[in-house]
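So that you can tell them apart, the chains are marked A, B, C, D, E and F in the order they are listed, and the count of residues begins at 1 in each.
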Amino acid sequence: MKYLDEYRDPAAAQVLLDEIRRVSTRCWTLMEVCGGQTHSLLRHGIAAELQGTVELIHGPGCPVCVTDQADIDFACQLAKRSDVMLTSFGDMLRVPGSQGSLLDARTRGGQVRIVYSPLDAVELARRQPEKQVVFFAVGFETTAPATALAVKQAAQYQLDNFSLIVSHVRVQPAMESLVESPDHRVQAFLAAGHVCTVMGYQSYDRFVARYQLPVIVTGFEPLDLLQGILAGIRQLEAGEAWLENCYSRAVQVAGNQSARDLVQEVYQVSDCRWRGFGLIASGGLSLREPWLRFDARARFAECGLPVILNSACRSFDVMTGQLKPPECPHFGKQCTPETPLGAPMVSSEGACAAYFRYAGV
Amino acid sequence: MCLGIPGQLVRWVEREGIFSQAEIEFDGVRRVVHMACVTEAEVGDYILVHAGIAINRIDAREAERIFETLAEWGDDEGWHESLPEGGEHES
Amino acid sequence: MENHQQIMTSSWQLNCPIQIPAETDCVTLAHGEGGRLSRKLIQERIISVLKNESLETAGDAARLPRVEGPLALTTDSFVVSPLFFPGGDIGSLAIYGTVNDLAVSGARPLWLTLSLIIEEGFPLLILDRVLQSLAEAALSTAVKIVAGDTKVVPRGTVDGLFINTAGVGELTEPVPPGPACLREGDELVVSGPIGQHGIAVLAAREQLQFDPLPHSDCGSLLKAVALLRGALGDRICCLRDATRGGVAAVLQEWAESSGLTLSIDERCVPVSSGVKGMSELLGLDPLHIANEGTMLIAVRQGAGPAAVSVLQTLSKTAEARVIGSVKARGVAAVTVKRTLGPEQPLHDPLGSPLPRIC
Amino acid sequence: MENHQQIMTSSWQLNCPIQIPAETDCVTLAHGEGGRLSRKLIQERIISVLKNESLETAGDAARLPRVEGPLALTTDSFVVSPLFFPGGDIGSLAIYGTVNDLAVSGARPLWLTLSLIIEEGFPLLILDRVLQSLAEAALSTAVKIVAGDTKVVPRGTVDGLFINTAGVGELTEPVPPGPACLREGDELVVSGPIGQHGIAVLAAREQLQFDPLPHSDCGSLLKAVALLRGALGDRICCLRDATRGGVAAVLQEWAESSGLTLSIDERCVPVSSGVKGMSELLGLDPLHIANEGTMLIAVRQGAGPAAVSVLQTLSKTAEARVIGSVKARGVAAVTVKRTLGPEQPLHDPLGSPLPRIC
Amino acid sequence: MKYLDEYRDPAAAQVLLDEIRRVSTRCWTLMEVCGGQTHSLLRHGIAAELQGTVELIHGPGCPVCVTDQADIDFACQLAKRSDVMLTSFGDMLRVPGSQGSLLDARTRGGQVRIVYSPLDAVELARRQPEKQVVFFAVGFETTAPATALAVKQAAQYQLDNFSLIVSHVRVQPAMESLVESPDHRVQAFLAAGHVCTVMGYQSYDRFVARYQLPVIVTGFEPLDLLQGILAGIRQLEAGEAWLENCYSRAVQVAGNQSARDLVQEVYQVSDCRWRGFGLIASGGLSLREPWLRFDARARFAECGLPVILNSACRSFDVMTGQLKPPECPHFGKQCTPETPLGAPMVSSEGACAAYFRYAGV
Amino acid sequence: MCLGIPGQLVRWVEREGIFSQAEIEFDGVRRVVHMACVTEAEVGDYILVHAGIAINRIDAREAERIFETLAEWGDDEGWHESLPEGGEHES
C-alpha cells in the first residue's frame, strides 16, 4: 500500500539503523509517547535491533489504557440496560473496569456493539429510534474530531436517542505531569504523530523551552520511527533541545484547522482522571454547554457507580517509563491478556500487551 | 494509538458541510469516509483516515524526503559528513 | 405490514442476495415436530435437493456398504453470521469444511451427515437457497449426504440457521503422520492468500461498508490435497486447513505437538490486496484471520518448492508459497520475521481479533 | 449485582439442580475462537472428562481402525429446553439418542462425534455437569467419542447449549429389514410406558408446577435390542425409538412405508399414572408425546408374546406389551381402538401438541 | 383415574348403547352443544356406533372457534409490540385471524406464551414488571371465573402491567339464536356440562318452556354422553320436553354460587360478535366499570385494526348443525389443519378438526 | 370445551379469600390449584379443576347413580320395564 509499504523497507531501515548506531556515543533514553509507536517498534523488530544503543521507554499514549475505570464501569452499567445499545471501538471491549469489561457485560446480557466510526453509531441511532444509542468516546485529540462531528450530525438530525460517554484525553498535559515528576528518566520525546496531524505542534514550543527536552513529531512505520529516533539522538549528542517534525507528510505546524475548530466548538478542556495517573489538570475534554444534551452522564444520571481501584497494577510506573512491563512483578504471572490486572495488558496498544505478544514470555 | 491509514480519494460523494463524504480506496477496497475536516482534497489525493473520518491529506512532496535523503547517503561516500535534516525545523 | 416485515428480517442477518417477498412462507415449529409438516419439509425441500438412495430410505440410521481401509471421522458445526457472504454461504461452507477436514487428514471423503437447526420464522426460500448451495458443493466434491436431522427451535433460541455436518472417509496410504513427526529443517507451505474468509465475513457482518466486499476463499481442498499427495507421497508431514485462528493457530498447534519452533517470514505469506487494505484499516493481522479453503502444509526438508510447483498448477492454489521452516525450539513456539532484526514471537491471539482504531 | 445475576440466568431455562455461585466463570466468545482459551476449554473441560486416545490425538479428523461389516451412520441435534429435566439432561440425551438410533437400526454402536454450540455467557459449571453426564452415558453404552467441535456464539444467538452427535456403528446380521417388509398379521410391541419424556420436559419447561415432576424415560435401548435380537432373530421386522411425534409418528411412518394399516388398542398401551394425569389435565394424547428410551417393535405373526417376555426380563422394559398388529390397508393408515365400536383413525398431529383448556 | 376411567368402561357403555338402540323408534336429531362432547363422541367411537340410530349434530360450543377474528387480529398486533408479552391458552395459538394466527405472529417475532391458567399470567406480570402482560381471555362461562379471579388478584397486587382481551362468550344466547332460525333441525340439546357446573341450569327453564325442546345437562365421558343421549331420546319418544340433569356429580341446579358471584362482580353481559354467527345479543361478557383499567383495548387503544372476513368458510352452517364438516366443499381440500380456512378446522375442539382427525379423510 | 378434570384434594395451602389455594392430586401428580370458588371442600374430596381453578366438588353420591342403575339393569331380567331415571329432574 502506498505510504505504508515503502516505509517498511528493510534495506532503508537498515541504513537508518546503522546511522543511529554510528551517531550514538552513549545509550540515550527516549520515550515514544504513543502506544501505536510502541507496538510498531516491537512488531517490526526495531526495539530488539536497538537494544543497548537506545533505550526506548513507553509513554502514556494509549487512550484505552488511561481511560478511567469509573467511565468503564458506567459504560458497563448502561450496556446492561435493556433500552440502551452501547457502542464503542473494538479496543475498549476487553479493558477491565472495577466490575469487569464491556465484553463481560455483554456476556452477562448487556448490548454492546463494535463500530468502526462514531458516525456509524449516529447511523444506528437514526435507524433504531426505539433504542438509546450511547457511544463510548475514548481517544486522544486524533479521535475527538470524529466524535465532535458525530455530535454535530446528531444535533442536525435532531436525535434524542444518541449520547456520548466522553472520555477523551489530551496528551500534552500528561507529558507535562510526567516530566514534572522528579525521578523521570526521559531525555527526549517522540511525540504522537496523529495527535499532531490534528492539533499541530506549536503547543510544544513552550514545553521544549521549559523542560529543555528534544521533542520529535514522529510517525508509525519503521522508517518514521527510525527517523524520529535518529533526530532525537542527534539533538542529544549535540546537546541541543528543539522541536522537530519527522512526520511532515502527515503533520503541518498548525495541524488541521477544520478539525481543531470542530473539537473547539463541541468540547472544552477540563481536568480529567487518568487511569494509573490520577487527576490531570486540563488532561481531558468535556462537552460544552450547547451540547450537554448529548452527555450520557446527564441522560442516565441515576447509573453512577462508586469506583473500586485495583491497586496491584503498576500501570502508572509502566506508563511513565519507570518500569518496563517485564519488570512488573505481575507481568506474565497473575497478569496476562486473559487475566489482566491492568489496562496496559489488555488494550491492543498497551505496553504490557505489546511485550507479552512480541517479546515472548 | 490512533490508527491512521492512508487511502486514495477516488470520488466525492458530497462536498458540503458536516455531511461531506468521499469514497477512499485502500489497496483494493473502498469506503465512504467523512470529509468534513479535509474539504480541500482532490480526486487522486491520498488521505489519512482515522475512525471513519479524514484527518489530513498526505503531502506527496514531504513523503519523498526520507527517500531522497537515503538516496543521497547512498550516492555519497562521505554522506555521514553532510548529515541530513530528519525533518523540518521549528524552534 | 412494513413493521411486520422489519421484525421478521431484523433478528438475523441474512445478507441474502435474493429479495424475500413479504408473503413468503416461513419455517414454523410444526415443521420440526415429527408430524406431517416435518415429513413434507424433509421430503420436498431437503431430500429432493440432496437426492440419493440412502437418505430416502433412511430410518434411524443410514445403512452403508463396508469400507476396505481404516476410517476417518470428523464433525463441525457451522454458525456463520451472516449466512451469505461474498464467495460463499453457510451451505457450501458446511460441505467444504468437513470435506477439507477429511482430505487434510489423509482420507477420501465418503459420506456426510447433515443436521439443521432452524429458527422458527426462517424463510423457506432462504432455506432452499442454502440447501441448493450445499447440494452443489456435495456434488462437486463427490460426497454423499446419507443421514440427516432437522430441528426447528422457537424464535430467539437460535440465530436463523446452524448446520452440523459429520463426515466419514477412508484413509489412504501413506497417511500423513501428523505434526508429532516434524523435525528441524522441514518446510512450511501455505496453499494460497490468507485471511480472505475472516475478512469477508467480518465486513459483511459488521456492515463495514467496504466495496468491493472481499471474497471468502470458501472451497474444496480435495484436488489440491490429492495432487500434492500424489506428487510428494511420504514427504508430506502434515496438512491442516487454517480455519478459526488462521495460520497462526495452526502453527501454534503444530509447534506444541512437535516441541519444535515453527518459523515463518511474514513477507513470504501471500495476502490479497483487499485483505491487506482492510487489515491495515482495522488494525488486524491476516495471520490470525480465518480461512475456509486454504491450508498449511509441512513437508520434509527440500520438498517445499516441489509442493509449491504442484499446487501452482491449480488455479485455487496458484499463489502457494513456502513461508517458513521448522527449527530447534527457541524462545518461542512460533516466530515470525517482519521488517527488521531477529524473529519475533508470533502471539497466539486471545479470542478473535476485534477491529480497533488505536 | 442482584440484577446482574438475574440477567445472566433469565435468558435460558437451566432448571439445573446445582446452585450457580454469582461469581462463576462463564463461557466467552474467546473460548470458541481457536486460540489459547479454546484449547484450554477443550483440553481441561472436554477431553479430560471424555478421555480416550482418538480424541486426544485428533487433528482435523479422528483416525479409526477398519471395520469388518457394513456400516450404519446417523446424526441428531439436541435442542431440549430446559437442559436439565427430571430423569435426564441434554448430555445423556445426546448419547442415548444416537446410540438408540444405531441400535434400532441393527448396528453395534462404535464411535460418536460430539459438537457443542454454546451461548456466550453460559456458566462453565453447568457445562461441566452436562459433559459429566454425557461421559457417563457414553461409558455405560461403551461408545467412544472420537471427534468433536466446539463453537461459542454471541449472546442471544443460541439458547444456552445445543449438542449434535453423529454415530457410526457396525451392522450385525440379521439386520432387521425395515417397515417395507411388514405384512398382515405382524405384531406391534411397545417396550414400556409411553409419553414420559415429552411430559417431563413440558412440565419442566412451562413451569406447570406439578409435583412430583414426571420423569423422562431417557436411557439406552442397547441391552433391550440385543436381547430381543438374540431371542427373535429374523422374526423381528423393524424397530424404532419413538422420539418426536411419539408412538403415533412411528406408526404413521411404518404404515406409509408398508402400504398397510397398523392397528393398535389404546387400552393395551402402557401409560404411567403421572403421565396419564397430566395428559388428561392438559388435554394431550400420550400416543403423540415423545419418548427417549422407549421403542416400537414389529415382529412376525405370533412372535409378539415372545418379544414381550424377553423384554420383561429387563427392568427398563418390564412393562413391554403387545399393542396391536398389521392389517390390510383399510380406510386409514393407522387406527386405534378406544372405548367402543370400530377402530378410529389415529390422526397424525400437526406440530407438537399444545396444552389446552378446551 | 377416579371419576374418569370408570365412565369409559366399554361393557357399561355397551349396555347403554343397547338401551339407546332399544328405545329408539326413529332416528332423532340431537345437538351436543359443546365441542369437548363432539370430540369425545368421535374419539371414543360413540358417533360411529350410533350411526343410523341417532343423528348427532354439533353445536357452537367451541369458544376458540367462535372468537371474533377482530379479537385475534388485535391479539396478534399486541404480540408484535416489543413491550408486550401476550399470553393465552394453547388452544388459541393456531386459530387464524385475518392476518394469520398467534403462532404466525410469534413466528414473525411476536412474544406469545402459553399458560395453563390465567392466574399464571398474573404471576408472570408480577415477576416481569417491565413487560405488559396481556391475557387473551377466551372461553365460555366455565372459564370466566378463572379470568375474573385473575383480574381481582391483579387489582389486589396493584399491577399496572396486566390486562385482558376479553373474548368470553355465553352459550345460551347462541343456542337461542340457533333455534330462532327457521331451518334448524335440532330436536333435543345436550347442554354443556361444565358451563352448567359454574352457572347451573335454572336459566334453561325458560328456554325449554319457550322452544319445547328437551335439554339434557350432559358430561364428557362416554357413559355421561350415552346417558345424556338416552335421556334425550326417551323424552323425544315420550313426546316430552323438559330440563334434565345427567351430570349430577358435577352440576347442581344453581351452579357454583361463588364462581357466579365472581363473574358477576367483574363482568357484565354484553352483545358480542361471534365468528361465523355475527352479532349475538347478550352473547358475551365485558369488564364492568371498576375493572376497566384491566381492559387491553383501552390500554392499547391505538392498535385497533380493520377486520377482513374470510367468506369461504362454512363455519356458521357447521356450528349451527346445518352442515356436517365433510359436507363443506372445502373440507379436507383447501381446508385442513395445516391450511385452515376457518376456526373449526384449527381449534382442537372444532367440529371440522374432530372429523378430520377421528373420522379419517 | 372447558376441559374439567377431577382430582383429589390432599392439602390446603391457603384458605382465605381470593388467594386461597389447595394441593390437588391427579393420578400421581399434584398441582396447587386456586380454590376461591370451592372454599368448603375438605381433604379427600374430589375437585373439578378447569384452567387452574376449582369449579366444583364432585358429588360422590351422585357419581354412583349410573353404576347403581346399570347394576339394577344387570340384576333384573325385566330391567327394561322399570326404566331408570338418567338424572334428577327439574321441570
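Rule of thumb we're sticking to: a residue touches a chain if its C-beta (ideal position, glycine included) is under 8 Å from a C-beta of that chain, and two chains touch if they have at least 3 such contacts.
Not measured: the values here are computed from a predicted model.
Asker: So which chains count as neighbours of both chain C and chain F?
Answerer: D, E
Asker: Which chain pair racks up the highest number of C-beta contacts?
Answerer: C-D
Asker: From the C-alpha centres, identify the chain that is farthest from chain B.
Answerer: Centre of mass proxy via C-alpha means gives F as farthest from chain B.
Asker: Farthest chain from chain A, going by the mean of C-alpha atoms per chain?
Answerer: The most remote chain is F.
Asker: Distance-wise, how many Å sit between the C-alpha centres of chain A and chain C, to the nearest whole number?
Answerer: Chain centres of chain A and chain C, defined by C-alpha means, are spaced 37 Å apart.
Asker: Need the CA-centroid distance for the pair chain B / chain C, whole Å please.
Answerer: 38
Asker: Please compute the C-alpha centroid of chain A, do the same for chain E, then give the distance between them in whole Å.
Answerer: Roughly 69 Å separates the two chain centres.
Asker: Counting only residues that touch at least two other chains, what does the list for chain A look like?
Answerer: In chain A, residues 1, 4, 35-36, 62-63, 89, 116, 139, 143, 338, 349 touch at least two other chains, as defined above.
Asker: Touching two or more other chains, which residues of chain D qualify?
Answerer: In chain D, residues 28-30, 36-37, 208, 276-277, 280, 283, 350, 356-358 touch at least two other chains, as defined above.
Asker: Mark out which residues of chain F touch at least two other chains, giving numbers and ranges.
Answerer: 1-3, 5, 26-27, 50-51
Asker: So which chains end up touching which?
Answerer: Every touching chain pair, ordered by label, is A-B, A-C, A-D, B-C, C-D, C-E, D-E, D-F, E-F.
Asker: Of all residues in chain C, which touch chain B in the complex?
Answerer: 208-212, 214, 272-274, 276-278, 280-281, 283, 356-358
Asker: Over in the complex, which chain B residues touch chain A? Could you list them?
Answerer: By the definition above, chain B touches chain A via 1-6, 8, 18-19, 26-27, 34, 36-39, 46, 48, 50-53, 55-56, 58-60, 62-63, 65-67, 70, 73-74, 80, 83, 86-91.
Asker: Mind pulling up the chain C residues that touch chain A in the complex?
Answerer: Chain C residues touching chain A: 206, 208, 276-277, 280, 282-283, 331-332, 337-342, 344-345, 347, 350, 354-358.
Asker: Taking the touch rule as given, give the residues of chain C at its contact with chain D in the complex, in rising order.
Answerer: Within the complex, chain C contacts chain D at residues 12, 28-30, 32-39, 57, 59-77, 79, 81, 100-102, 104-107, 111, 113-117, 146-149, 151, 153, 156-159, 162, 164, 166-169, 171, 175, 178-179, 238, 240-241, 243-246, 249, 253, 290, 348-352.
Asker: Using the touch rule from the top, collect the residues of chain E that touch chain D in their complex.
Answerer: 1, 4, 8-10, 13-14, 17, 35-36, 42-46, 48-49, 62-64, 89-91, 93-94, 114, 116, 139-140, 143, 222, 337-338, 347-349, 356-360
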